[in-house]
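Shared chain: chain A. Partners: chain B in the first complex, chain C in the second.
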Partner chain A sequence: MEDVLVYGLLRGGIYALAAFGFSLVLGVIGIVNFAHGALVVFGGLLTQYLAVKFGVPYAAAMIGGALGTGLLGAVIQRLFVARTFTLEPLMVLVQTFGIATVVTELGTLGWGSEERMLRLKTGLPPGFMLGDTFVPSFDLVVFAVSLVSAAVLFVVLGRTEFGRAIRACRDNRESAQLSGINLGRTFEKTMFLSGTWAGLAGAMFVTLSPVAPYMHFSWTVDSFLVITIGGLGSMLGALVGGLVFGVLSFGASFYAPTIAPAITFGVLLVFLVFRPQGLLGAGPAIRK
Partner chain B sequence: MNFVSMAYAIRTGPVRNQLLCLAVFLLVVALCPLVMNDYWLRLMVFVFVNIGLASSWNLIGGFGGYASFGHGVFFGVGAFAGAVGMVRFGLPLPAVMVIGGALSAALAALFVPVFRQKGLYFALSTLAVMLVFETVLQRWTFTRGLRSYDLGWTLAPSLPLEGFFYLFLGLLGLIVGSIIVVVRSKIGYALHAIRKDEVLASSIGVRTTKYKAITFMISAAWPGVLGAAFAPFLAYVSVQSVFDVSITLNMILITIFGGAGTVIGPIVGGIALSIIDQIAWGNFLEYHRLIYGALIVAITTLHPGGLASVFWGWVERRRSAAKPVPRPSAPGHPPTSAPRRA
Partner chain C sequence: MLDRAAIPRRPSRRAVLKGGVLGAGALAVGVALPRIAGAAGGADGVVHIGASLPLTGPYEKVSRICKDAFDFWTRTYDGKMVVAGRERAVKWTIYDDENNASRAAQLTEKLISDDKVDLVVGTYGTDTVLAQGAIVRKHGRVFVQAGASSIRVDEELGGHTAFTANGRVGTYCAGAMDFLASRTPKPKKLGLVIMDDPVYHEIGQGVKDKCKQHGIDVVTEVVLPMNVQDLRPTALKLRGAGQLDIVYNTGWDVICIKLAEEMSAIGVNPKAFVGGHLTTSPVVKETLGSKMQGIIGSTVWLPQFKYRDDKYASAQEFAEKFKATYGYLPTYQAAFSYILPYIYQQALREADPQDPFNPKTLRDRLSRLDLKDTIWGPVSFDERGRIRRDAAPAVQWTGDPAAAVIVAPADMAESAGVYPKPAW
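Up next is the complex of A and B:
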């Protein structure tokens, strides 16, 4: 029981990171970004590529991978989503799915389709005992880094001019524009932020588990689940949702590995029917 | 009467003319076995199934504006109903087709509580239901296989290839015909209102939940029927083959490519994508998925209304060139381009 809780929480930090960007884009631009999982995977593989091919130290590779992914997100926004986000939500779903396919296929052509992982020699002690549970110290470090980066995102959104512009666009587009905020630029910055944190999630995940291009869709679905559990339009909700989802998915695959997906999605259905605004949701944020 | 005004007359004219057009189209296609070998006949069956599935999806996703991301579950449930019914209980093909359709419609009826939520939640919950069913059907010994160690169902093909060709062609005709009728019925008008502005529609007395539920049940029943009929054609039914995510995605892609919210869209999209698919498979196997993805991005970015809107845009231009003062269009016909979000 403690094992499930500890390991679930440790993984949950990364799920939360991946979900932040998804939630942000959904709240601000009002689209469901099906390419989000592709961004997570891209960030992971880019980090691995930088670290292995060029021998960049991991911390630098992680930042490089995250910023590269953010750039990719901004490019996607400028070239593609900017033309379609005012249409029906369905169009953007299909469009971003197409983008995810293209990014994944190009990644496969460039990097190959095999699963890759980045093993780090940190010199840390292997871990310590917490009660009866062995806590690997590297996972704990990753968890701490994910919490710190979540805090950075909170500060960026809550305390800076840039974050205020983003929140203004989320709350009321017309008023934001009347106050002199450039909607297109703000959306590109939002996508950059979303991509950066998705890339960060991938960069950290690749040190714990293998990552391969084909996994992009399950990352999208997982991010979706996290914000449904946590609540739409709330960054704190995404964090809580990520931790809950980590425990839930780890617990499901620990106690009932054969039907783990059915349990995870069963819980999701219960949420959708009885508490669609999620644990900490601010109520329905979108009209359709 | 030239081609442009004929196309326009069919589109805005009575349902009878549209059904007549469909019948002519089906009759022409029905001659295919005379000139085609087995490879092309099999391919045509896949095209029919894809168009039929996309047309069903189009009813709730295109006309209703509620994207179902787990529509493959209805096809899968139908296929399993066909396999279990025919192998375990020895039922004839028509019986399992009815059972498959009924099971799928009943499953769709369970979504009524979700219909009170926004479209996004609907998309998510359909996806979730599909993944739940995928897991359950794979684990449950009743549906997993005939013997305890089986992981699928082996079916004897109950019809010759030509038989399947005409069976699926007939089903396609029924599906498209039913959609033509539904779209021009009270349900169709209600869907149009819901898609444009759901809050406004319900405020003037459209019972949105009721119409969404009816539409979703129709849209789920047809994939169930197709799935049950597809089971003996496929000869081996397992979760891997009939619950593949690509089945759902194909429905969506075909619809969007051809034009969501139009009757002709999935037909045009299905044919166009099949041709592209064949060329891509034949010549650039490595880049097959890349080409597919790039096409989707291109069509949604440049022409969100799909091929149908490209065509109707051309027709409108020709018409306005011929007649300086355009007539107001007839009420109730489907929109040519993707409507703006309210």
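Up next is the complex of A and C:
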């Protein structure tokens, strides 16, 4: 039981990292970005490519992968989403689904369809005992990065001018525009931030497990589950949701592996019925 | 004034009739020509081979290998096949069945009814091959396949419709398990990881049968959904089973990688890890790096195997030429795809020139086929249309950098093997 809790929380850090951007885009731009999983995978593969092909040190490759993904997110926003996000939600959903397919196919063309992983020599000890549980060192590093990056995101959103603009756009677009905030630019920056954090999640995950273009959809679904549990549009909710989802999915896979997906989706249904705003959401997601 | 020239003239009845006759004639010729051409195809020097492959979807990589191997066979024989004593040009029609059984059935119907192919070769994947076989059977035809090894093919199509050039999946573990059972100290406890799909359960059953035969206890059995992402819970279960002598993975290459990574991360160190039938996939070695040391895999074909045919003096030569052509070493899927048209060629070499592709005589010829030397090893079929082959050899990765060497069966072994393997 202790093992399940510890390993679930460690995995939850990555899920939260991936879900921050998904939650941000949903809260600010008001769209369900089905291309989000493709951004996570893109970040992982770009990091691996920079490290293996050009010998870039991992820390630099990770930053490059995250920023490159952020840039891709901003391009997607400027070229596609900016032109359609005011349309019917279904149209935007289909559009982002199409973008995910295009990004995945281009990724396959460029990097191939095979799974890739980045092996790191950290010099760290293999791990340490926490009670009766063996905790791998690098898992803990990844978890710490998740928490630190969450803190950075909170600071950016809560303490900077850019964060204030984002929050203003989220709360009331018309008032934000009347206050001189450029809606289009703010949305682009939001998508950049979302992509950067998605890319960071991919960059971390590629050191733990193989990543391939075809895996994008499960990341989108997992991110969706995380913010449904944690609270739609809430950053703190994404963090808590990620940790809860990590424990939940790990427990389901451990105790009942053959029906694990049914269990996690069952919990999603329970949340949607009894607490649609999630654990920390202020209210049900309503399209502005 | 009315300009009569500007008014479109109604065509006369004669013109309508004339047009109708001409149109009907053109239509009749249009419909008949391809049929005439098709009928003449077999007799007129062209052998039309039809196939579908899952060129998109999860088997995309494997399908590309299969397609390259079809092409390689065609190149090897200069695009010609000897049928009924006469050399004929080979024409391929290959569709993408997207690993979808309905699509595979639909495309096989198209290949037989519309494209009028002379021969059908099997696709990759059990469900798609079974769907394909149902259509082939409906038309009273036969086909040769190697992409589905499940016993279900024997039960539903074996002998009358399908001839399967790959051994049963239940025998995949035989070489590895026999090798491990002969080690000292003899392994006693095994942890089994099975993917929740009939084919993988069949592989798992083969492992359990071998354990029973050798007196090894299956102390834990983890069944995983096909879309499993995280293997840490599985590694934790294996750790909970106590010190295991063997962990056997029935899953594919990515499951092998993830399982090895997760076992290594949380300190699960079995004395032997059998990565399964796709451990030879290049991505496993590339990803696991030094962790490959001591891992065992089962494989139905390797370039080291002592096989030859009329074009290649050794499987190694075949592999080198293949690599020179496509840029990668052929896997067993390449070898079994290469063999499919080869089997047809051998079966049809002395067919009746009047009706070389007659299904009944082709069926008889395939049943009687007894090839000693092929790149795929000896080929003959039992009464269920299954190649006579009892076990897949086992390979183990040793050395620095780790390279695969055959460790079982004894008559093929290149090395005595390592047991217990080094810790991760």
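Operating definition for what follows: the second predicted complex is superposed on the first by the 285 of 288 C-alpha atoms of A that agree within 3 Å, B and C clash if a C-alpha of one lies under 4 Å from a C-alpha of the other, contacts with A are read in each partner's own complex, and residues count from 1 in each chain.
Simple rule for what comes next: contacts are C-beta pairs under 8 Å (C-beta built on N, C-alpha and C of every residue); 3 or more make two chains touch, one makes a residue touch a chain.
Computed from a predicted structure; not experimentally measured.
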Which superposed partner A:Tyr214 touches (first chain B, second chain C, both, neither): second
Partner chain(s) touched by A:Thr258 [first = chain B, second = chain C, both, neither]: both
Touch test for A:Leu183: chain B only (first), chain C only (second), both, or neither? neither
Is A:Leu9 touching the first partner chain B, the second partner chain C, both, or neither of them? neither
Name the contact category of A:Phe134: first (chain B only), second (chain C only), both, or neither. second
Per-residue contact with chain A, leading partner among chain C and chain B: B
May I ask you to decide whether A:Leu71 touches chain B, chain C, both, or neither, giving the answer as first, second, both or neither? neither
Could you say whether A:Ile99 touches chain B, chain C, both of them, or neither, answering first, second, both or neither? first
Of the partners chain B and chain C, which touch A:Arg116 in the superposed model: first, second, both, neither? second
Considering only the contact definition stated at the top, list the common interface residues of chain A for chain B and chain C. 258-259, 261
In the complex, chain A residues that touch chain C: 3-4, 7, 11, 113-117, 119, 126-127, 134, 136, 138-139, 208-210, 212, 214-215, 218, 249-250, 253-254, 257-261
Using the touch definition from the top, list the residues of chain A that touch chain B in their complex. 32, 79-80, 83-84, 86-95, 97-102, 104-106, 109, 217, 221, 224, 228, 258-259, 261-262, 265-266, 268-269, 272-273, 276, 284, 286-288
Within their complex, chain C touches chain A through residues 58, 60-61, 196, 222-225, 227-230, 232-234, 236-237, 253-254, 257-258, 261, 265-267, 283, 287, 289
Give the list of chain B residues in touch with chain A in this complex. 61, 65, 67, 69, 113-114, 117-121, 123-125, 127-129, 131-132, 134-136, 139, 198-199, 245, 249, 252-253, 256, 260, 286-287, 289-290, 292-297, 300-301, 304, 338-342
